[in-house]
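Dropping the structure in here first, questions after.
Here the chain labels run A, B, C and D in written order, and each chain numbers its own residues starting at 1.
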Amino acid sequence: MNMEIDLERRKMLKLGGGAGLLALFGSLGLLQSGAALAEWNKTAFSAKNMDEALNALGVIVPENNAASIQLTVPEIAENGAVVPVTVASSLPNVEQISILVDKNPNVLAANFIIPAGTEGLVTTRVKMGQTANVVALVKADGKFYRVAKEVKVTAGGCGG
Amino acid sequence: MNAKQIFGMVVAASFAAATLPAQAASLDAKTAEIIKRDFRDKGIAKATRVNQDELQAACSKYVDKVPTKLKHKLEAEQEQAVKWPADGKYMGDWKAGEKLAQSGRGMTWSDKPEDPAGGNCYNCHQLSAKEIAYGTIGPSLLHFGKTRGNTEEIQRYAYGRIYNAKAYNACANMPRFGHMGILSEAQIKDLVALLLDPESPVNK
Amino acid sequence: MGNPMKIRAAVKDGVTEVKVLMQHDMETGLRKEADGTLVPAWFITEVKAQHQGRTVMEAQFGQSISKNPYLLFHFKGGAAGEKVSVSWVDNKGDTRTDEVTIAA
Amino acid sequence: MNTGNVSKTILMLALAASGTAQAAENETTDSDRIAAYREMISDGNPAEFDEMRGEELWKKAAGPNQATLEKCDLGKGPGVVKGAYAELPRYFKDTGMVQDLESRLLTCMTTLQGRKEDEIAAKPFASDKKASDISSLTTYVVGQSKGIKMAVSVKHPKEKEAYEIGKRIFNYRAGPYDFACSTCHATSNVRIRMQDLPNLSSNKRDAQSAYTSWPAYRVSQGLTRSFQWRLNDCFRQQRFPEPKFASEATVALTMFLAVSANGAKYDGPGLKR
């Protein structure tokens, strides 16, 4: 890493939070014209309950839509530290996919901004403090859709 | 081929065959020696814990299939050592019992001396229908009281079984919770209540 | 600078599958050390993947993403031999960029 | 982390999914559900990072002698790492002992690098969420046996003896709970809480799949754990005192378990809950 970027980093550290990657990618020359990077949504990621999180994401009333969103989660997770989540949507023009866990201290786990040409499919892994609902929120053609599934987080074996 | 090599081959061949009684005895002795040397104190788990009592030694030697005569002798000895509650009461509080049953803690080197041991019950048994994370090393105890009733005889049996499972089956997998000082009299009573109280989730 | 990622990319029937495994502790800010002190929040906030200079995925992470984050996605196009690059930045400003060649 | 078969991944995820038609048709047991969970996390194993760390350590000059471990003889000749783990533990002529991987690494680190055995053995496992050097080295070495059939020898009298002693340790009941390894690991199709317990003494398939999936990344701990650690933590839960690191007792027990896994392809480092 060269001096220039280090400087950028220091600036970024002062700024803190959301503008970080924007500045970094700018400095790395990774940012293309017209490919504006969305800012890290601090309000949404700090939300302590589902309503707050949905509000911060700009969701008015999400439509429940189990048919066009496939949310794949384990029925039982042996360990809450790693719960695999796959969201796949057959809706046209998927713009954004969010993963939320209703009983986590911070409800919003991840937000994916899907550019044109990228499929409406993501897999990631989330932490879960206890048995809770995992919610997949999909934004397609400007409208929000959601689906939820419960994941049971079980007590470990003999403790190890 | 020299004599040493031939000797080596003979030794190897004899080892490859099933171990003979004399060899087995010497391997037993060597195993005991290695175990005594290679385990050390850590936290509350002192090295002396590897020293076996007569029952543990017999169950190890015969891999839990102790000859009948010895088995009965061991069981009788264990039964004699059971300390029954002085007040003649066997039932405590099932709610406290359920908490104990859930806890798998206690007596490991990472447990602190002041940490109370749990009952470890769900590790091996199904109890309340609500708890899906139960083990199957032991039999299901769901509806234990519902199917057996709540007579004093059943209460005494449940108490004894928890206090010292080996009094009933010398090489049972279940620990001797009372005999080894893992649980107190009051705690065992709470577990008896969990099994037998009609209000307990075990009997719902 | 952060630790290296493991990235795999492979194209099949005109769709490129990308799998990324990042090395990061993803501290929630809620975990306590054995002595009771709170471990401060330290987690990846943003991830961006590019193919030939075009953004193909942008992810924003919160504290609920698991340690050593995993991400899988598919984009149309991409050919064997072309590059996919992935960058992340965390809430302390630490960053990492790695690149991989698309396999057939 | 295999890449490629997109449709297979989706199908697998669909099968594992809760509430899918496929799953509902047959009765799904909790063990099936746990198996589905494990399948879903099996891709993208962070143990790969520990393998990378271990490889760097293997090739890095260290210790008072400033030597690398590239001349370490793991049984297949100095410097041969490929396939070495699939034949360990084994008898080593130079030390006159049967050694498992970690015991042998200790030998190499002391003889080649001049490091002190006591210092390495004092903290052999990860602590404060950081991997130990010997543990990462182990992860690297085992990774070089992936896909290779387990072929642990009991031809040498000392190897046979270690196996016999290991079997006896497996059945050795002691401590306040009267537990032996066999208390939990000598019956098929049982579980502790929700975790299936492999039958390591009389079920070849169980013994093979258990042994060949360690060392493993433990997601609950966020660390890659070695086989010595696996045994150490079993003894902890057996309410035993602590086995000394890479001691004869642990090597003998490893010998018993490794021989029971013979014939299976080594498949680690694994990924566990």
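Definition applied: contacts are C-beta pairs under 8 Å (C-beta built on N, C-alpha and C of every residue); 3 or more make two chains touch, one makes a residue touch a chain.
Just so it is clear, the structure is predicted and the values come from calculations on it, not from any experiment.
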Selected interface, A-B versus A-D, where C-beta contact pairs are more numerous: A-D
Centroid distance [mean C-alpha coordinates] between chain D and chain A, Å: 35
Chain A-chain B separation of Cα centroids, rounded to whole Å: 48
Cα-centroid distance, chain B relative to chain D, in whole angstrom: 27
Numbers and ranges of chain D residues touching at least 2 other chains: 30, 184, 192-194, 219, 222, 236-237
Multi-partner residues of chain B (each touching 2 or more other chains): 104, 108, 122-123, 132-133
Shared-contact residues (touching 2 or more other chains) in chain C: 15, 66-67, 70, 72, 74
Interchain contacts, given as pairs of chains that touch: A-B, A-C, A-D, B-D, C-D
Residue ranges of chain A in contact with chain D within the complex: 70, 72-79, 81-82, 84, 86, 88, 123, 125, 149-150, 154-160
Footprint of chain D on chain C - complex, ascending: 3-4, 6, 8-10, 12, 15, 17, 19, 21, 23, 25, 66-68, 70, 72, 74, 103
Residue numbers on chain C that touch chain A, as the complex places them: 1, 15, 26, 28, 30, 45-46, 48, 50, 53-67, 69-77, 85, 87-89, 91-93, 95, 97
In the complex, chain A residues that touch chain C: 1, 9, 12-13, 16-18, 20-21, 24-25, 28, 30, 32, 35, 37-38, 40-41, 45, 81-84, 86, 101, 104-115, 117-119, 121-128
Contact set on chain D toward chain C in their complex: 1-6, 9, 43-46, 48-49, 52, 129, 219, 222
